[in-house]
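Right after this note come the structures.
Two complexes follow with chain A in common, the first pairing it with chain B and the second with chain C.
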Partner chain A sequence: MTLALYVPVASPVHRAPAGLKLALLTGLGAGLFLIERLDVVVGALVAVAVVALAAARLPLRALVAQVRPVWPWLAVLLVFHLVVTDWRTGTLAVTRLLALVLAAAVVTATTRVTALVAVVEWLVRPLGVFGVRPARVGLVIAMTLRFVPLIAERAQRIREAQAARGATGMRLGMLVPLLVQVLRLAATLGEALDARGADAPVSPRDRRAGAPAP
Partner chain B sequence: MKSKDLAYVALFAAIVAVLGLVPPVPVPGIPVPITAQTLGVMLAGSVLGARRGGLALLTFLAVVAVGAPLLSGGRGGLAVFVGPSAGYLYSWPIAAFVIGLLTQLTWRRFNLAWALVANLIGGIAVIYAIGIPFTALFGDVSLTAAATGSLAFIPGDLVKAGAASVVAVAVRRAYPVIELPARRPAAAG
Partner chain C sequence: MRWGRRGAEVTAAADLPRTALELQNVSHAYGDRPVLHDVTLTLGESRVGVVGANGSGKSTFARLLNGLVVPSAGTVLVDGLDTRTQLREVRRRVGFVFQDPDAQIVHPTVAEDVEFGLTNLGVPADERARRVEDMLARYGLAGHHDHPAHLLSGGQKQLLAIAGVLVMQPQRVVFDEPTTLLDLANTRRVARVIDELEQHVVVVTHHLDLLTGFDRVLVFEDGRVAADGAPAETLRWYVDRLS
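Let's look at the complex of A and B:
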């Protein structure tokens, strides 16, 4: 799996500011959950699809790849509604989620992670009074996005190694080696970050502890 | 915070995300599926401690909010932060912090029993104490109805608390991360 979902194409949607796209996505999310009319929700889904394929010029393949993980979940939801409520409520819920997932996929595919992280850094700026440094918040978010495929890959490797030794379906036994590997990785990573100056500028307390001034 | 702590926070946020890839078990009649993700909440608290554990979950929620579909079932974006089950999401950083705090308090004599205490209080009691009122508010149901509805998750959560405790004790033996201030000689005597 990969989280590199950005699709580099020149389009007006790509050029739109990340903050604006996120605000529109939030608005759409809130709107879709307030509206109970099937025709409006289906219209929203069509509109999002038109924006994705025509305005943002995203390949259909890239969109399908992003929406694919939700399919089983949507199927379960639809079956659940068919059994418990009725087809109309089920279709409404599934269409609404599909439109929202597709819209989120468009934002993700047309916005570089750096741009999205910049929005978060802007949002946490007021927390500076509590000693939060926006640049480091952005760094941690970017690192997390990079580590998800890496950790998934390591988990897969451990699973294969344990399967090769005859263990089947031992999910719990996987966690300890995975966590120890990850904790070791954190130590190396901390050194790499320090070498790139992630710890500067030092706070007065650290400086007293002997760290060099910036 | 040191750079290494930033790395711990980011890596554990990613672990919570990877645990979300484990397929959720939907419970009929309840809009919240049983997921492996709260296992990550418990692990973050009991391996990293209060501050880093809480921040790891806060980071995870931020990454979900910027649109990464990392919540179990491939959910993500800002839509998941409103609605009946949102309270459970908000409770995660607090739960990890409480688990971490209890783990740090019992760190010197930390064993399976203390790990269970930390995970049952922080990983179940705290999450329900925040999640149930939110469900009642957003789902427009009574507190009792919301609490009854969440009973179905108790067995799964007990299993997860047990699993997290076993793993936390094993990780403490293999690679302890929580560091306590050096014991004063008087206390050591």
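Let's look at the complex of A and C:
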């Protein structure tokens, strides 16, 4: 499993500000669900694919890798609509989601995590009046992207250890050792964050002097 | 130079005067479980090794040196700074490398993780970029700039963890079993990295070869320093005791 999706290529899409890309993604998401015309939604999907392959110069396999996990859900959604509504509504729903997933993949593949985090920190800055620390929010997002694949890897190791001792398939019994490992990891991570100066990160105002603009 | 919280330049930790690490009558317990008993030491040497059985107190000792653990009793001084009351300055001087690099790599990609500590210090973007590139080149990670950290090999992860600490230019570096999870080739590589460091280092390890050329070795046993001296004699005593 990989959530670190950035694909380093020199392209205008890579150079575009992260804030602009996220705003366009948000606008596309809202637009896709407001428009009921299948031809327009299919056009949007084609446009996103063209941007991904031609403008952002992303390898096809990188896009396929991002879309592959949602295929089963799209298939279920299509079958559901074929049974409950009709093929046109089902195709519209599936195409919408596919376009949105592809567009999100383009944003994450062309934007470094630090740039995405900087945008999120900028967005939550007004919450500072309620005591929210934007740098902390950004760190949580970055660590989520970092640790989801790591925890998946640890879960796989536990599955293998259990399989080596005769267990088969998914077992609830793996949750306890996984939880223990995650808690241990969290304790050491807390120490590591302290040791690397994250106990009191610089304020957004201080960071603006050096950090790239979102 | 180093950059402070408001962007003002302050003296880099590496440029500050070094005196010693001092433990004065230090005891520590986790709840009801004592792990260190009345340890008094002065470490002025450039290379100090720490060995001992699991549970002997050596990792707690290492954590005391940069304030990750504050002693239940006694005082720990880093170049005269009390870890209990001058924690921020102590941590700026003392970097810490953990056994499991996965637990200290916090960002998804290699360069972003090395940059993390510099961002916390308020270092300007151009200076951060320069130092990150320098570190990645020094530790053979230049080709992995945007590589997902979790896809690195074990040895590369440990090198990344070390780079993430050293980029902050600490004056001293504490390594807590840095080679325990590594194969022989990567153990040797990390040993070379430690050997080439200008900083004063304290290395906690089970790999006795790692301590070749060190100035001093401590042997911990049941929360006490059971032996303390030159590496050759001290390690011989330790090995004899185990056999």
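As a working rule, the second predicted complex is superposed on the first by the 199 of 214 C-alpha atoms of A that agree within 3 Å, B and C clash if a C-alpha of one lies under 4 Å from a C-alpha of the other, contacts with A are read in each partner's own complex, and residues count from 1 in each chain.
Rule of thumb we're sticking to: contacts are C-beta pairs under 8 Å (C-beta built on N, C-alpha and C of every residue); 3 or more make two chains touch, one makes a residue touch a chain.
Being a predicted model, the structure only gives us computed values, none of them experimental.
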I'd like to know which partner A:193 touches here: chain B for first, chain C for second, both or neither. both
Should A:34 be classified as contacting the first partner (chain B), the second (chain C), both, or neither? neither
What is the contact status of A:129 with respect to chain B (first) and chain C (second): first, second, both, or neither? neither
Check whether A:26 is in contact with chain B, with chain C, with both or with neither, and answer first, second, both or neither. first
Which partner does A:107 contact after superposing on A: first (chain B), second (chain C), both, neither? first
Have a look at where A:145 lands relative to chain B and chain C in the superposition and call it first, second, both or neither. both
When both partners are placed on the shared chain, which of chain B and chain C touches more of chain A: B
Quick one: is A:6 in contact with chain B, with chain C, with both, or with neither? Answer first, second, both or neither. second
Kindly classify A:185 by the partners it touches after superposition: chain B alone (first), chain C alone (second), both, or neither? both
Identify the residues of chain A that lie in both the chain B contact region and the chain C contact region. 3, 139, 143, 145, 150, 185, 189, 191, 193-194, 198
Taking the complex as given, what residues does chain B use to touch chain A? 1-15, 17-18, 21-24, 26, 28-29, 43, 47, 59-60, 62-63, 65-70, 73-79, 82-83, 163, 166-167, 170-171, 174-175, 177
Chain A residues within the chain B interface of the complex: 1, 3, 22, 25-26, 29-30, 32-33, 66, 69-70, 72-73, 76, 80, 83-84, 100-101, 104, 107-108, 116-117, 119-120, 136-137, 139-141, 143-145, 147-148, 150-152, 155, 171-172, 175-176, 178-180, 182-187, 189-191, 193-194, 198-199
Footprint of chain A on chain C - complex, ascending: 3, 5-7, 63, 66, 68, 88, 91-92, 95-96, 98, 100, 102-109, 112, 115-117, 119-128, 145-146, 148-151, 164-165, 168
Which chain A residues qualify as touching chain C in the complex? 2-4, 6-8, 112-114, 139, 142-143, 145-146, 149-150, 153, 185, 188-189, 191-198, 200-203, 206-207, 209-212
